[in-house]
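Right after this note come the structures.
Look for subunit A in each of the two complexes below; its partner is subunit B in the first and subunit C in the second.
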Partner chain A sequence: MDSNPFLNLLKRGSNVAGSAALVLLCVHLYAAFFVAPEEVVQGAIQRIFYVHVPAAVNAFLAFIVAGIGSVAYLWNRGRAWDATAVASAEVGVFWGAIVLITGPLWAKPVWGAWWTWDARLTSTLILWLTFVAYRLVRELAGGGEKGARFAAILAIVGTLNIPFVRISTEKFRTLHPGNVAKAGLDPTMHKVLFLGMGTFFLFTLFLLGKRILLEELRDRRLAIELEGS
Partner chain B sequence: METTGRIACHVALSYGVTVVGLALYAWSVLRRIRGEGEKIDALGRQAGTDAR
Partner chain C sequence: MTELLRDIRLIAAKDLAVELRSKQMLTAAGVFGVLILVVFNLGFHPDERDPIAMTPGVLWAAFLFAGNLALERSLSMERNDGCILGLLVSPIDRGAIYLGKFAANLAVLLVVEAFLLTLHLLFFSMVLSPQQWLLLASLAFLGSAGYVAVGTLMTAVAGGTGHKELVLPLLLIPLAAPILIGAVRATTALLHGAGWGDLLFWFQLMLAYDGVFLTAGFLLFEFALEE
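Entry: the complex of A and B
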């Protein structure tokens, strides 16, 4: 696989990122339960926010990287870009699953319903399903270049949905809370939220680095198998 | 509004799913890396045997 300095740094640094993420996860869990004050209206259920929002931010980041990787792959057919897109899409699907599980767990006591088909929830589900389909297309195509091209187009379409997901709470009537930056959060809540985002971002770097390494190993094995046959 | 116990259960489930999910996903990626490494080693050994 053709590689670049950023990918090499990511692979080498993934263990450091993983170790730091583990330590920060302990700090984050402590802060979310014992440092962040209890929200006056929602009470304890609001603490789900400290995993739900960081997971959502990291899902978006991973999907954006998958989209950029896919554009670059379609542009120059570089396998390193394709591997980055595959790895990042999978990490995004993981974080997206966390978002789609923790969201309803928060919603049931607050809204009285696990799910509503409003703009934010529906567009997030579509985004997640697009990247699940990305994975399925690649599996069904058997790793060929044609499948990689179709999947890349799917990833780009999925990434174009992200701005819509972002503005959906502002442009449509929705039950989902709006932008947290404009919500006037307590400063301690903000700090715990950013700690969560940083912790999950380090996990994203760790998973991305390892997942790209896995793609490289697969390529190496396929090359050896081809040589032998 | 739901009972305190049920709310605690929802919060615990959210954090539990996140932490356990992270651990399981990381483990699955590392396991797949080890699997590929073992396959490459086996192919290398096979190539050595064939050469002899």
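Entry: the complex of A and C
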């Protein structure tokens, strides 16, 4: 591995991103709790927003990268593309789980219900389920080239499905705070939100790098096993 | 182009001929659909059920799950007897195989849906106006086309994992969510007397969905068939 400059870069890059994310996470948590002003109507619970929104942005980003990586993989069958796709699909499922947990925690006191079949909730859940199925397909197909190929098809179709899910769910009335809330946001709140997005993005890069390296390790183990048998 | 159309027709005719002889998909999906209708009818007290409120959900749940079963059969018949190899070595474009199978699956599903719809109206003693029939038929056609477009591709993916029965619904239901949402909303609207203009949005959405996923299936099917 150490002879490969790309993997070396990946290793060093993900370590740098991970360290930076760790430091920034402390700053971000401090800012979210003590610097950002208290929301007038919702009170302290609104602060979950500094975790929820950055996680959602990173989840969607990761799913789109998984879709692009899958197209590239079917196109040229490069193992690196497949590793990128599977890594981002998993990172997306991780952030998606955080979104789906923090959302109801906020919704219960503010909306009075853990869950509503609101447009954004429904579309996030559907997308998340698609990429959970992605993981399952890979696992059940027994890994290797075949699993990668089948999973890539699913990731592409799942990504194509995103606009349809958004449009069809948004046709209902939606309760979710959207662009209106953003426009009227306090400047300090905005800064803390962007800090959160940046921090989580670095963490995404860290996870992606480590997960791609893990795929490479698996390949090497497989190669050694094949040599031995 | 004419060659592509001929190949599509050949594959579709082959699948339909096999289906007409075995009637595997028709009976499996038809019986399963009836069971879903029965379950919904037993699940609500006769005095408390509201036909207009219940019809969209009951009907589309039956269509989707019956369709799931039909789709599951469609590719396993090729895999069981190694027919898939014959298909793969034949000088036919993989995209044409996909479109042929899509057409045959859609035809089977529409027959099952017509049967289930009739039965549902009977169970609920409902009468539809000619315009409602026409609207519902158009909805069923566009919605099922999208569902089968995604489903035909996903059966190949699910079949490849070796756990088809388990995997297919997990793949298909989230992917078909826009179709389900659109179909249920539009059916509710038409039962309340909405006309073509009111349903335009959902018709457009389904047409776009059908177009996108038919194209995706046409292009991606060959990757799902490689052994």
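Here, the second predicted complex is superposed on the first by the 202 of 229 C-alpha atoms of A that agree within 3 Å, B and C clash if a C-alpha of one lies under 4 Å from a C-alpha of the other, contacts with A are read in each partner's own complex, and residues count from 1 in each chain.
The rule is simple: a contact is a pair of C-beta atoms (placed from the backbone, for glycine too) under 8 Å apart; a residue touches a chain by one contact, two chains touch by 3 or more.
Computed from a prediction, not measured in an experiment: that's the story for all the values here.
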| item | value |
| --- | --- |
| First (subunit B), second (subunit C), both or neither touched by A:I224 | first |
| Contacts of A:I48 with subunit B and subunit C, given as first, second, both or neither | first |
| Which of subunit B and subunit C A:A97 touches, first, second, both or neither | first |
| Partner chain in contact with A:I68 - subunit B first, subunit C second, else both or neither | neither |
| Which superposed partner A:A133 touches (first subunit B, second subunit C, both, neither) | second |
| Touching partner for A:V157 - first (subunit B), second (subunit C), both, neither | second |
| Subunit C to subunit A touching residues, read off their complex | 150, 153-154, 157-158, 160-163, 166-167, 170-171, 174-175, 177-178, 181-182, 185, 201, 205, 208-209, 212-213, 216, 220, 223-224, 226 |
| Residues of subunit B that touch subunit A when the two form their complex | 1-2, 4, 6-8, 10-11, 13-15, 17-19, 21-22, 25-26, 29-30, 32-33, 36-37, 39-40, 43-44, 46-47, 50 |
| Residues of subunit A defined as touching subunit B within the complex | 18, 25, 29, 32, 43-45, 47-48, 51-52, 55, 94, 97-98, 101-102, 105-106, 108-109, 203, 206-207, 210-211, 213-214, 217-218, 220-221, 224-225, 228 |
| In the complex, subunit A residues that touch subunit C | 74, 122, 126-127, 129-130, 133, 136-137, 140-142, 146-147, 149-150, 152-154, 156-158, 160-161, 164-165, 167-169, 171 |
